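Both complexes shown next keep subunit A, but they swap its partner, so subunit B is in the first and subunit C is in the second.
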Partner chain A sequence: MSITLAKGIKLQNDKTWSLDYKRTPYANLLAVASTDRKIKILNIKPNGTKLEDVLDGTVHRKAVRSVAWRPNTDINTVTLAAGSFDATVSIWTKDIASHVAEDEEEEDTDMAGESEMDLLAIIEGHENEVKCVAWSQDGMLLATCSRDKSVWIWETDEMGEEYECVSVLQEHSQDVKHVVWHPTMNLLASSSYDDTIRLWKEYDDDWECVAVLTGHEGTVWSSDFEASDNKLDIRLASVSDDSAVRIWKYIEEDDENDGQQVWICQSILPKVHHNQVYSVAWSPKSGLIATSGSDGTLALYKETEKGSGTWEVVAQKELCHGVYEVNIVKWIDVDGQELLATGGDDGSVNIWNFKI
Partner chain B sequence: MSLLSEEDLNDFISPALACTKPTEIKRTKVKSNVNALGEYEVGVDDGEDEMLEKVTITLSDCLACSGCITSSEEIMLQQQSHGVFLKAMSNREANTKLAVSISPQCRLSMATYYGMEISDFDKCFANFFQKKFNAKYVVGTQLGRNVSIQQVVKKLSEWKQSKEYEKDSRPRLSAADPGFVIYTEKTKPDLVPLLLNVKSPQQITGALLHETFDKHYKTETKTEEKLYVLGVMACFDKKLEASRPDSAGEVDCVITPKEFVAMLSELNESFYQYKVSSSDDILKDLCPEGWDPELHWCINHGSSSGGFAYQYIVWRQRTLPDELAKNSKIMKLLGKNNNICEHRLINVKTGETIASASELSGFRNIQNMVRHLSRSGPNGSSAFPKRRVQSLRKRQSSTNTASSTATTTTAGRLGTLVAQPYSSEFIEVNAAPGGCLNGSGLLNEEQSTVRKRQFTQQLEERFHSSFTMVDPLDTTQWSTTEIIEPEKLYEYTFHAAQPQDKQKDIVTVGNTW
Partner chain C sequence: MSEYLNDNPDVLEVDELPSRKEDNEQLFENFGSKEALERKKLLLKIDHSPTSQVLHNIELLDKLLLLNNTPDLISDTENLLTESDSDLNDESILGAGNENICEEYLGEPADPVDVQEIYDLTAHICDPEHPLTLGQLSIVNLPDIEVHDDGNPDHLAEVVIRITPTITHCSLATLIGLGIRVRLERALPPRFRITILLKKGTHNSEQQVNKQLNDKERVAAACENEQLLGVVSKMLQTCK
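== the complex of A and B ==
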């Protein structure tokens, strides 16, 4: 039951805010969002990690807060969305067909001036800091959220070049910190400074809030859905300023209120963090939940029996980024082996092995 | 109208929210600073310490950024309510008379709420104001709307023949929705030239009431006669419209049906005790001198928010040469969602579009529209190469979870023409999705958003059959021409905000994670 550092990469002096991972035939791409405005792309390989690309740092005028790879794209294309404190979202793309037969040698990691991803679009609309961007499972919808208390849903074309606003959802009463889509359905969860999580679904020709999850006693920083192919089996994990990790479970449609859903709080995980918990990731492969927070701890939890709602802590590591806060944790599948990646205020990205 | 102070707003909005109101902050460079709100502000450059001026925010500023809208609407509900009207009534001088105007959407909403037929409601409403407040005039807004529609049509055709049109053929946008107007003035100043400068029915009705009153009561000896105009309107933005500097002397106070109900409750009055028999002539008694007594209580065909776009196309068809008119048809095309549609006048023989005007409502659609219009620039040429959005969602489907490719969704629309609002000559824009019948001041007691929407939809279905129709383009029908000066234009004075210097954004601690 241990977590060990596989690789620590000091990328910049400014905070690492967000990570997102995408496997491609030629590389395992980890996108990194940071205060220094330059999005970095790392290639995570079992035999070493390479800095693949540094994107143009002049596109955003302020910190890049969130990055997300577009799912379901053409096999020869990778597309990345990035949300910034400058209130805009940038979309980048790269044709990777020419990289299929790549030189495996480690190159000089200094990629100054040479960026291979093209800027495809800049999306404006939010009034202030964009906190998170997230793609739907079919890659056709992009959700964005902001300190302006709203969640926007954008529709795009196959190329990912044109974006039309499909809905502006203004039901949170405070800053919206995070949005995440269900892995197989067009169901969106948003987490907010107003201590709630809201679930959104398409209804008629607009998007509606189908449930409000209340219970956390502080800002909800992040949430993640359990991987599931069954439309009736939906669970969501959330983390908060109140240092708790909660599991919410969908029960049924609420027949008395059209379109509304009934959810319950199924469990509160055993306490590990003593301060704000910033990030949660629910592994699609192993079903383990990972959390990270301001106390520098990375924790792993396992359900005693799938669906039971009883969880135990199976591993934890303190001071993952020294005394710095750990803003993000992600599960990454590196050529068949499941690892963890974290990003912290120290400007590092750490890759972790674990054994349970 | 009472002004808001910053104190009130602090309760609802984080003081760190940067207002779009252009403030005159005279500062050189800011190092570290504690500003007037007591916050620690971090500037970009090194420099001297300097205190920022405290910002005073007024109502007319606050609707600008939609982040504030919800909060300020709540505040208005508390501070800007019927209280202002009641106070004005109790403090008024003997020679101040009262006129009340009410929009058709309010009449339908309130009649439904009170369980009355509209005709009974109108009389009961008029009787209430006469008995309780000694009202001199109680009117519907159709006369004002007729004038507004006429002027829209006139200005659009003048524009189309002007040099302006050659330089910039982007659609003109209606200015009848004050929320949209203020939003454009403050946050999209480059689109202000696209606003078609014609006042709304609310304001024109107010102006006409004053003109009639002055004509009949303000004589050389009786110059102190005054008229106080109360408007009963569907939303709170209408209050802001009445308080614009360019609206002075038209409408004194606007309340919504919600506030009317609250007012009655406060006064311990029952609306029903003012019911009169259907043969009662009260509406004639309270009709302004020289006004056709029935016309101002009617409505016209077109959207339930005024029908400006539709009436423009009707007028275009009527003014075609006979041969072409015979072969022309007005089609209504639906857009990618329920809040977009286009009225297209086509030549049925050639399929060619002769004229087009669209309706567009709701913030999400306004967002796309302003982005599109700003980008396409005056010459109609695109700043970026345009790609059509290929995957239009099915409008009917609510559970489409399969990964949709371009072909599967557009297949369902083969043979159906889709609204193209950005190619229209005119777009009737409403901030509320669905327009005035979805106004936030109307009486909709449903709880869930879904039920609320269904209720609004029902009102929409009943709207046109609930009133008598008039033709707003046919002035021969109105027996009120003597009170309407044909050359007089009712126009706003738009103020496009100066583009903000974005480098001076204030970054406040606590909002950077």
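== the complex of A and C ==
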């Protein structure tokens, strides 16, 4: 199995922090967050890649750390949330209905600059750096986390204009680095500088911590759920400063403690990374897991048999952003073909092909 | 009450600090380029009095003379993908890979960074509360620096530096560590991974400080904090 570079796109001279991908009827949009405060939107096409939009760089006063596309509730618009070190979260939107109609008549219309994403809302509440933003699968809840040790859950409307804070979760004892929602359930995982992962669920009209996953021996940088429709079959992959990749598995509701869940660490993946591992992505399509980190290596792991908990490294690409650190890896589905996108401290976004 | 947290630190004189051996006998040895050697001889002929700045900075002079090419600087405006020339349709991303392996350095001799270089970069940083350098206060010490570097710009390299705060509860340890990190990140090539640790047993909250100093996100955020960056910039200026 091999990983080969399909396209390298140099966007700025400073850290690329975060990527998020969304397929729409008119384009495959990859949002890019970076230290230069300007969110960039790339259009990833099978026959090339185009810089579609650069959002207003004056909205955030510090680095943009995280971006997330809202799962669509309305196919005529796209909405993006962005969290910044300036403690705010911005919401951007764009009407794409006109593009969809245009595309049917004239296929090669150049959309760049035609209509830009507009600022829809600014959400304030966190005391300091926002580290991550994530939408629930129905797009109605937005989770944000910060160095202020809290996770906030915001409820929004159809349009995504108004945000009401429904819960502030303060159980982590240190910075919260990352939040991610389960792809089909309203279950949230938060990763922290306190070396733990916490799982959160709505219970009796409030959000409660239902499990604490301990085992990592350093900051947990990110986590990702396995795609599953079965409510009893839930797994989470996590990566940490301790250079390990762990798989956690939901076992059962805890009978003795109302609402609490029992989780176990099912496996620790074969060691690839030497230093901090910053990002993990679990493919909803192939079930493969991808990780990237400080050592610049992009690694792919495959479970020998689905659900078995036995994993093997099937490919690795060293120095995938040269000698720079790799902060983020995402699976992207470009017109049916699964590819990988990575973002590094070199300011580049790289798109990767892989062969199994 | 003293205005200092530690008002009586041990201080080394500047000439007691470790440095590269300098020897007039060896001034003209190990010189790669004949041309550079000639230029050096000429410069020394012009001014060879004991007060000569040239003689005092002989090491710097060597470095300047040995620089064959100035390093390539990347302009903020060049080479970046902009909206106006955003059409990248020239190649298929679904086809075979088109890897660009950087070959511009091939053929150049490897020039690994050594511990003395790391010492020179960090020992002259100013202490945040005393008008003295980290070297003079023995916060940075030559034997506590580790470097793993083969000099190849395409290989990863590593620096581990263990610092000794002047007192075990020194609240400025984090700031000193941040100053060292900022200096090294700015001065060293991107292949370096820098680890800054408090020397074992020198501080009450060793682990907390270590964790903070080596968290890239915390450091990046600190570098966007104007006030903090102001204090760090002061430390990085030469001590007066």
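By definition in this document, the second predicted complex is superposed on the first by the 341 of 356 C-alpha atoms of A that agree within 3 Å, B and C clash if a C-alpha of one lies under 4 Å from a C-alpha of the other, contacts with A are read in each partner's own complex, and residues count from 1 in each chain.
The rule is simple: contacts are C-beta pairs under 8 Å (C-beta built on N, C-alpha and C of every residue); 3 or more make two chains touch, one makes a residue touch a chain.
All of these numbers come straight from a predicted model, not from anything done at the bench.
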Which superposed partner A:Glu129 touches (first subunit B, second subunit C, both, neither): both
Which superposed partner A:Gln137 touches (first subunit B, second subunit C, both, neither): first
Which superposed partner A:Val54 touches (first subunit B, second subunit C, both, neither): second
Which superposed partner A:Leu339 touches (first subunit B, second subunit C, both, neither): second
Subunit B versus subunit C as contact partner of A:Met159, first or second or both or neither: first
Touching partner for A:Asp204 - first (subunit B), second (subunit C), both, neither: first
Subunit B versus subunit C as contact partner of A:Arg147, first or second or both or neither: both
Partner chain(s) touched by A:Gln170 [first = subunit B, second = subunit C, both, neither]: first
Which superposed partner A:Ala6 touches (first subunit B, second subunit C, both, neither): second
Those residues of subunit A which subunit B touches in one complex and subunit C touches in the other: 63, 85, 128-129, 147, 175
Interface residues, subunit A side, partner subunit C - complex: 4-13, 15, 35, 44-54, 62-63, 65, 85, 112-113, 128-129, 131, 147, 175, 177, 193, 218-219, 241, 275-276, 294-296, 319, 322-325, 334, 337, 339, 345-346, 351, 353
Partner subunit A, residues of subunit C touching it in the complex: 74, 76, 79-83, 86-100, 102, 153-156, 189-191, 193, 211, 215-218, 220-221, 224
Of all residues in subunit A, those that touch subunit B in their complex: 61, 63, 72, 85, 124-125, 127-129, 137-140, 147-150, 152, 155-159, 161-162, 164-168, 170, 175, 184-186, 202-206, 208-209, 257-260
Contacting residues of subunit B [partner subunit A, same complex]: 17-18, 65-67, 70, 337-338, 363-365, 367-368, 371, 386-391, 393, 395, 398-406, 433, 447-451, 453, 502, 511-512
